[in-house]
Every structure is written in C-alpha cells, then in structure tokens.
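Labels A, B, C and D are assigned to the chains in the order they are written; within every chain, residues are numbered from 1.
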Amino acid sequence: MERADPAGVLTGAHFIDGDIACAEGALAAGCRFFAGYPITPSTEVAERIAARFPKVGGLFIQMEDELASMAAILGAAWAGSKSMTVTSGPGFSLMMENIGLGLMTETPCVVVDVQRGGPSTGLPTLPGQGDMMQARWGSHGDYEIIALCPNSPQECFDLTIEAFNLSEQYRLPVLLMMDECVGHMTERVVIGEAERIRISPRRYYDGPPGSYHPFRPQSDLVPEMARAGEGHNFHVTGLTHDERGYPDVTWQTQEKCVRRLVDKIRRNADRIIQCESDDLEEAEVVVVSYGITSRVALPAVSQAREAGCRVGQLRLITVWPFPDRLIRELASRVKAFVVPEINYGQISLEVERCAAGAARTLLVPHGGGWVHDPEQILRAIEEAAA
Amino acid sequence: MALATDPKGSTGARGGKRFWRRPFDAETIHVPRGEIHLLEERCKGCAFCVEYCPTSVLEMSGEFNLKGYHPPLARQPDKCVHCQLCETICPEFAIFVTLKNGDCSEQGGA
Amino acid sequence: MTTPAHPLENILRTERFPHIWCPTCGIGTAVTAFVAGLEKSGIPKRDVCIVSGIGCSGRIAGYIRLDSFHTTHGRAIPFATGLKLGNPKLRVVVFSGDGDLFAIGGNHFIHAARRNIDLTVICVNNFNYAMTGGQLGPTTPLGAKATTVPYGNYDQPFNLPHLADACGAVYVARWTTLHVRRLARSLGEALQKRGFSFVEVICPCSTLYARRNRLGTGLDLMRFYHRNSVIRHGADTRQVDIEFQKPIVVGRFVDRERTTYLDAYNQHMQTVWGDRFNPYGEIGAESPVEDQDKAAEAG
Amino acid sequence: MLTQIRFSGFGGQGIIRSGHISGKAAALFDGNHATMTQSFGPEARGSACSSQLLVSDAPVLFPYLTRADILVAMSQEACVKYGPQLRDGGFLLYDKDLVKDPHHEDSRLQAFSVSATRIAEELGNRIVANVVMLGFFTAVTGVISAEAMKKALPGSVPERALKMNLEAFEQGHQFGLQQLEEAKPGADPTGPVRGVEAPEE
C-alpha cells in the first residue's frame, strides 16, 4: 500500500453531500482522469471533479454520452491514469457494454451509479435500489464483479477510495452503487491526513519490453498491468484471448480466460467482502440490508428488540461478490431473514438462494422514490419472528 | 504516379511503349535492379502484384500453394527495377523486393 | 543464400498469420500503406498506439505489433480519446471500418472531430458490413445491393470527407487501396498533423460487396478504381459523394490548423489562472493553484 | 434528542443554503450530528423550495424529516404548504412581510416573525435575508449555537460578502432575542430548546 498524494486530499471536516464526498474520495484515491455525461442525481460528482481536477493535474472531459465515457476511462487506464466515471440508471444501462470490455480486458477503473427510481427515465431526483442485479449481470456473458454500497456521505468518500484500491488489486472495473438519497444527503465528512489514506498502487509489470503478457496471472490469479507507450507492444482485445492477449476463439481458451475472470474474484472473495453486523450470535431474525436502507432499518431493529425480538442486523458494504458463506451459515441457525430494499426483490433473491430453504426470507419491497417507513420493516421482523 | 490514369494510355502499366520520348537525362539515370522474394504460403492469389508491376516482371503461376492459390511467378526477374510496388500493394505481406546483389542504389521510383 | 525476412516482419504479428482477411480484400494493403506512412512520419513506434473497433478492419489492431487495442463495436474513438488524454505523449491511431466508425460509432466520430482530439482516424471503407455477411452500411451507395437491402439500397449514405470536414477535422483525405504510395504519404501527413486527422481508404470487398453486386473480384474493383479515380486535391468535400460504380474523387481535401482539445484546455486554464496552472500533460501532477474549495464546498 | 427543521421559501432565496449553513454549524462546530436533505424539482427558480435538517446528539438514522419541530417559512406558499406538518407546540418562524397570513393564531404553534427581507434590504442586499432569518432562528430556537453559526458562515457565503452576512446574522439574532423577551417574559433563551421538549412519538 502507498500513501495518498496530498495534492488531492482535502484534509479536514466538511459538511458535504454524498456526491461531493465521492468526488473527493476519487481525488484522494489518486484518480486523475474522469470522463462522464451529466445525469441526475450523479451530476454533482462530475461538477465537483471538473472544478477540482485542474488544480491537481487531473483531466476532466465531458463526453457525448455514457458509452463514450465508459470507453474513455478504459483507454485512460491503459495510458496509466486512475480513471472514473459516474452515472445513474439510464447511463448505467449504456455503460454496460464497455463495463464488459473492462472486465474482459481486466482494466482497473471505477464506475459510480447513483441509483434513482426506474425503469427507464423513472424518478430522476428520487432514490431507488433497482440497479443491484444490473450491477451483477448487466453486461452480457459471464463474469464476477465487485460492487460496494455506501450508506452515508462519509462512506461515499471512504468506499470510493476502497473501490479504487480493489480495482487495482484485482484489475477490474469496480462499481460503487450509491443511491439518490445518499448522494444528495449532506452530513459531516471527515477526510484524514494524506499519509493516513492507504492507496493500492497499480501492479505494473517491470520486466523488459517485449516479454509482457497482459493476461498472465500472478499467484492470486490477477495479471500485471502495463502502460501504453513503453515498448511492450502488447495487444488487448474484447475477444476471448490467451495470455498474450491474442484472440483465440475456442472453447478451450474461453474456459481458461473466463474461468480466471470469475475465479480471481471468487477465490479472493473473503478478502474482498466487507459486512457490518450486530447481534448475529443470538439472533432469531436477521435483517439484511445495504445502502440507505441499512440506516432506515436500524430504528426498526431497535424497536423490535425493545419489543423482545431477538433481531440481528447484517449490513452488506460489499454487495458483490455476495457473502454466500455467511448467509448460508446464518441460515442454519436463524428462523428468518428480513430483506428491505428499494426494489421488488433483488438482493432478497440472493439471500433466499443462500438460505436454500433452511430459513425463511421475507422481502420488504419498496418501489422507489422514497425510503422505507421503518414501521414496514418492523412489521416484517415481527412476522418473521412469529 | 501513373496508376490513376487510363491503363491503355501511354503511361499505363501494360503495353510496350513506356515513354512518348526518351528522357534527356536517361543516360545519367541508374536504374536499380531488384530481387523479388515470395513468401508463397502467405499468398492468396489476388494478382494485384501481377496486374500492377510496371515492368511486367510477374505473372500468375500455374502451380498451387498449400492453400490452393496460384502465387505469382517472376517470369522476367531481370526487368525488376526495385520499385516495390508489389510489396506495397500486396494485401498478404507475401511478396517483397530487395536490391539485387551489388546494387547499392536507393529505392527506385514508380 | 537464405531468404531475407519480409521488411514488415518486425511490425506485424506474423505469428498470428494467416490473417483473417479474404483473398483480394484490400485491408492488408491499407496496413502496409499505414506502416509506410508511419516510417515516413519519423514518429517513434513506441509512442504509437492502434485502436480498432469491431469488424474486418477491427482486426487491424491485432496484427500490428504496437500497443494495440481491439475494443467494442463503435467505441474505438472514445477509447482512443481516453488513451490519448490519459497520456498526451502517445500518438493514437484509430483504424477501423465504415460501419464501426460511422453507424454505431458515428456520434463519437463527430464529437471527437468537433473537439479536435489529437487522433488519426483511418476508415477502411468497403461499403458494407463484411464480417457479418455483407449487410447495408452507412456508406453503401444508393442502388448497391446488400443482404439487408436485397432489392438495392435506397438509404442515403454518408459522404465521409464532407462529414469530417463539417465537424472540424484538420486533415481530410481519401484514397483507394490502389493509390498505395499516395495513401502512405497521406497517412504520414495525417500522423504528423496535430489535431483530428481523417483518411478514408476505399477498399475492395470481394467476398461480399463485389460478389453481391456482381462486380467481379477484388482485382476487378482495383481496375475499377484505376479507371475511375479522379485525383482532385483541395476538392470541395460537398462534391465528393460516392455513387454506385461512378467515378471516385480522391485526394487531400482538407489541411488546416485548429486548436486541439488539450491545447484549448491548457490555454484557457492559463488565461484563467496564469502561471499558477501547470499545463496538463506537460508537467507532473503537482499544481500550485490556490485552493478555492471552501467556497466550492457550500455550492 | 432529535430536532427536525424545515427551511422553506421559493427558489433563489437561499433556502438550501440556510439548511446547509445550519447543518454545517451543528455538525462541525456544535459537535452534534446533522443530516440535510433537500427537495429537487425541475425548476431552477421561483418554485416552492425546501431543505430539511435533522439535528441530533446521536447519529441520524432515518434521513428524512417525518414531522417538523421547526418550520422556517420565507414565503406565503411555503407556509401554507408546510405549516400543517408542524407538530403541536412546534415553532413557526416566518418573514413578516412575505407571509401575510401565517395562520399563527393557531394556538398549537409558537409563532415568531421577523422582517428578514426588509432588514436585508436596509443592509444593502436582499440576498442576505436568509441569513437575517438564520440569526433570528438561532436566537429563538436555540437548537444551534450562535457561535457555531457564525463560524459556519465563512466559506458558505462569498468572501467579499462575509461582513454583510455577519451583520445580517447579528441583526436577526438580536431581533430574535428581543422577540423572545417580549413573548415570554422571564424565558431563558439559552435554556433547553422548547422545540424538542415534547416527548417523541
């Protein structure tokens, strides 16, 4: 790990919203290339970056659309930059194709989706959590992804840095799944001294020119990067490829290539996954939540406890990869899971899958545009405990 | 470059008469000599080289290469002036020209 | 005597040969012309990157031994934009086809040209989507047949040089694969040009376009170019439409100066902040511009 | 203890900024927790506008205002729209000249008013009306300390207008203290916030 470049770190206590905190997180993480297209409710991130980048030697470009934005940050990553783009639902849909290119070419970068209500144009100024499955499966083909869900402006800052670090450690686009509520909510955000912010440096190949294989894995299954223009003459393609990056469209190469894309995340899942939990040991019912909903669920959990329910709480900071093992283990000893989310059932399906019938899963859905009334969640807890 | 004009005209790639008069400095010009090399197995028999060789060195061979194409054949190798047009126009990177042994001229023109 | 190596042996990934292009396809010729132009330009090869999209021409990146990127369909230009702006020292070339650059990628082309991103875009125009079997493309001439216009094309095509010109490209040329030396010279000029340069290469597609339109082989198309190309440097790009089996105007149509995106950015910021601004891409990341973030914070 | 505050008016009055300055004061200088949210509409100017601020000594969990303890209304429309959300015994603070009919005879509310816009105009720029109101709000409700509010102003208002803003704050604050004296003889403005005395539901 390295220390953050002080030039980008706005050390101090600030009263800022999640979008601005996310932009500051990117700056602190060393992001110096941003390509984006304005879209509510993520635009403030781009605006903040546009204002701040010229002062720290970064470059902001407003592209013609989200397809271009996503493609541009991949290009910049291969030029040696840490790069990011930010969007919301409709733009996230447009980015899917090149998120796939980023996954296939193992390009480190960060994509932020400030979720709003959907489908289609939906609710531009109001929150949703309906893109969670799109984050997992939205680009075609098979892959594993990393997605983080902050629940406060402070976490928008912290997890943006974490997203960059994970993208460098595992060489892939990492998704930060915010929502309109967290993005537009203003709270205290404390930014530490640069030397206390840990940054994962890019893992560069340092062998002689000509011998670089862009897709030859290290022991953790992650290959090293190179910058364009250093004489390696490497080739990178979205086609199924061998370790040299040469296309080889056979099932054998597909097996090797895609299996590693999947395995580099699955085998390192324990190191990647972060959860926050409370009172899981004695719990009969576990509330599983993420993003803003994890805050809204807490008053319900407290009230249920006061009423005598043994309720545990599990907050997914990393939603993808999903903590399969933890849920499976919990399912063997609790009665039920309660999953509130601002959609009609996405992560609840994952919980149900892992519980595999050993415990009930109660979805507390919300169509978007607002957060749950804690009362709804409380009723579900009571039902689950009964 | 003459190629964009009528091939039946005086400067065409085919036909015997190359110039309507003899250039004044013809005596002082050293015409380089080239040696044609063929990577036969790359050839897909498009015949671009045969068609556009300005001195008609090449013709299509009756032989087949391993892929079943007819590669070109240097029928009149001595007429090669090392213009490298065949090398440049070949879409298969299959033919190229080096200066003939002993000829140290710069690349010829076309 | 041993046979010497082909002069392009070092710059082609010959270990990947045979390449995928059909007999009498002209893409290989365009590649040779590009390498010749690159040699002429004197630009160090280490600085040059090739970005392609999808299609027959999309495979070009994979055969040239430079840092090369085979991206998604239509997105070569925005990828190249990121690559160039990520490291402005790189010389980034987009080498792709007409469908990739002008149908699915058309929006990116016009915006990169408008911004005057310092890229060289080479379009191999074979008048159809060849890799997928010869469908209608954005350059298919009126009246020509393609699988998705089996009764002939009624869908007005682009005049590519005019489009590039209108969008602000600083260098615009068109040649056919027959004009190998002029094409090479043009490509060298385009590479040296600062700003958005565009070269259209008319290229025979024998397997699909020529066959479906009963135009013979690629060699017949070359003969057609030979008889029907009209060199007109500086031609008004409005006048260079391509009509089915009609004369093709070729030449260098546009060569002008215009501030590039990055130059405009650096110049503008220096106007705003003076010496306190370190131009992007010229010096390191440190910049002493005073922090105005407290004011921004309340925003 | 959680206090739920709504600042309201029309777009262009600095309503969002009022919430921001107050939240910043509470979160950065009073050592409390503060969460501000705002309503977004497609209009940029002239529409009803509101920002919500939750101030608490414990972390704020539910991010939105559920029932206002304090309503600051800078327009008639806002007062009518948001007044019914005020809880019994809650504070209604309004601009006397812009809210003609505050319905404050409603005995369930504690209503206070100030000529914020007029005072701001006398100071030289009506743009500081919201800061006059903030001074007034600080004095009357006591949720946020005047010291914290004054510390929050630099950086939240343009540097060149800081002096005028501090003056605006001061005038509003003084007027608030006076009103408080008149309204409740013997009341201690530095005492517990009456806005949050009522038990939480």
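Here, a residue touches a chain if its C-beta (ideal position, glycine included) is under 8 Å from a C-beta of that chain, and two chains touch if they have at least 3 such contacts.
Keep in mind it's a predicted model, so treat the numbers as computed, not measured.
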Joint neighbours of chain C and chain B, given as chain labels: none
Innermost chain by mean C-alpha position: A
Chain whose Cα centroid lies at the greatest distance from that of chain B: D
Top chain pair, ranked by number of contacting C-beta pairs: A-C
Chain A and chain D: spacing of chain centres that average the CA atoms, whole Å: 37
Chain C and chain D: spacing of chain centres that average the CA atoms, whole Å: 60
Shared-contact residues (touching 2 or more other chains) in chain C: 297
Residue list for chain A, restricted to those that touch at least two other chains: 14-15
Two or more partner chains touched - positions in chain B: none
Complex contacts: residues of chain C adjacent to chain B: 3-4, 6-8, 12, 14, 17-19, 21-29, 32-33, 36, 177-182, 184, 217-219, 222-223, 226-227, 229-231, 250
Partner chain D, residues of chain A touching it in the complex: 13-15, 17, 40-41, 125, 181, 184-188, 292, 295-296, 298-299, 370-371, 374
Residue ranges of chain A in contact with chain C within the complex: 5, 7, 10, 14-16, 20, 32-33, 35, 48, 51-52, 54-59, 61, 63-65, 67-69, 71-81, 83, 97-98, 100-101, 105, 227-239, 246-247
Partner chain A, residues of chain C touching it in the complex: 13, 16, 46-47, 49, 51, 61-62, 65-72, 74-75, 77-87, 89-90, 107-108, 111, 261, 265, 269, 273, 277-278, 280-281, 283-287, 289, 291, 293, 296-297
Touching residues on chain D, where the partner in the complex is chain A: 19-20, 23-24, 27-28, 33-38, 40-41, 60-64, 152
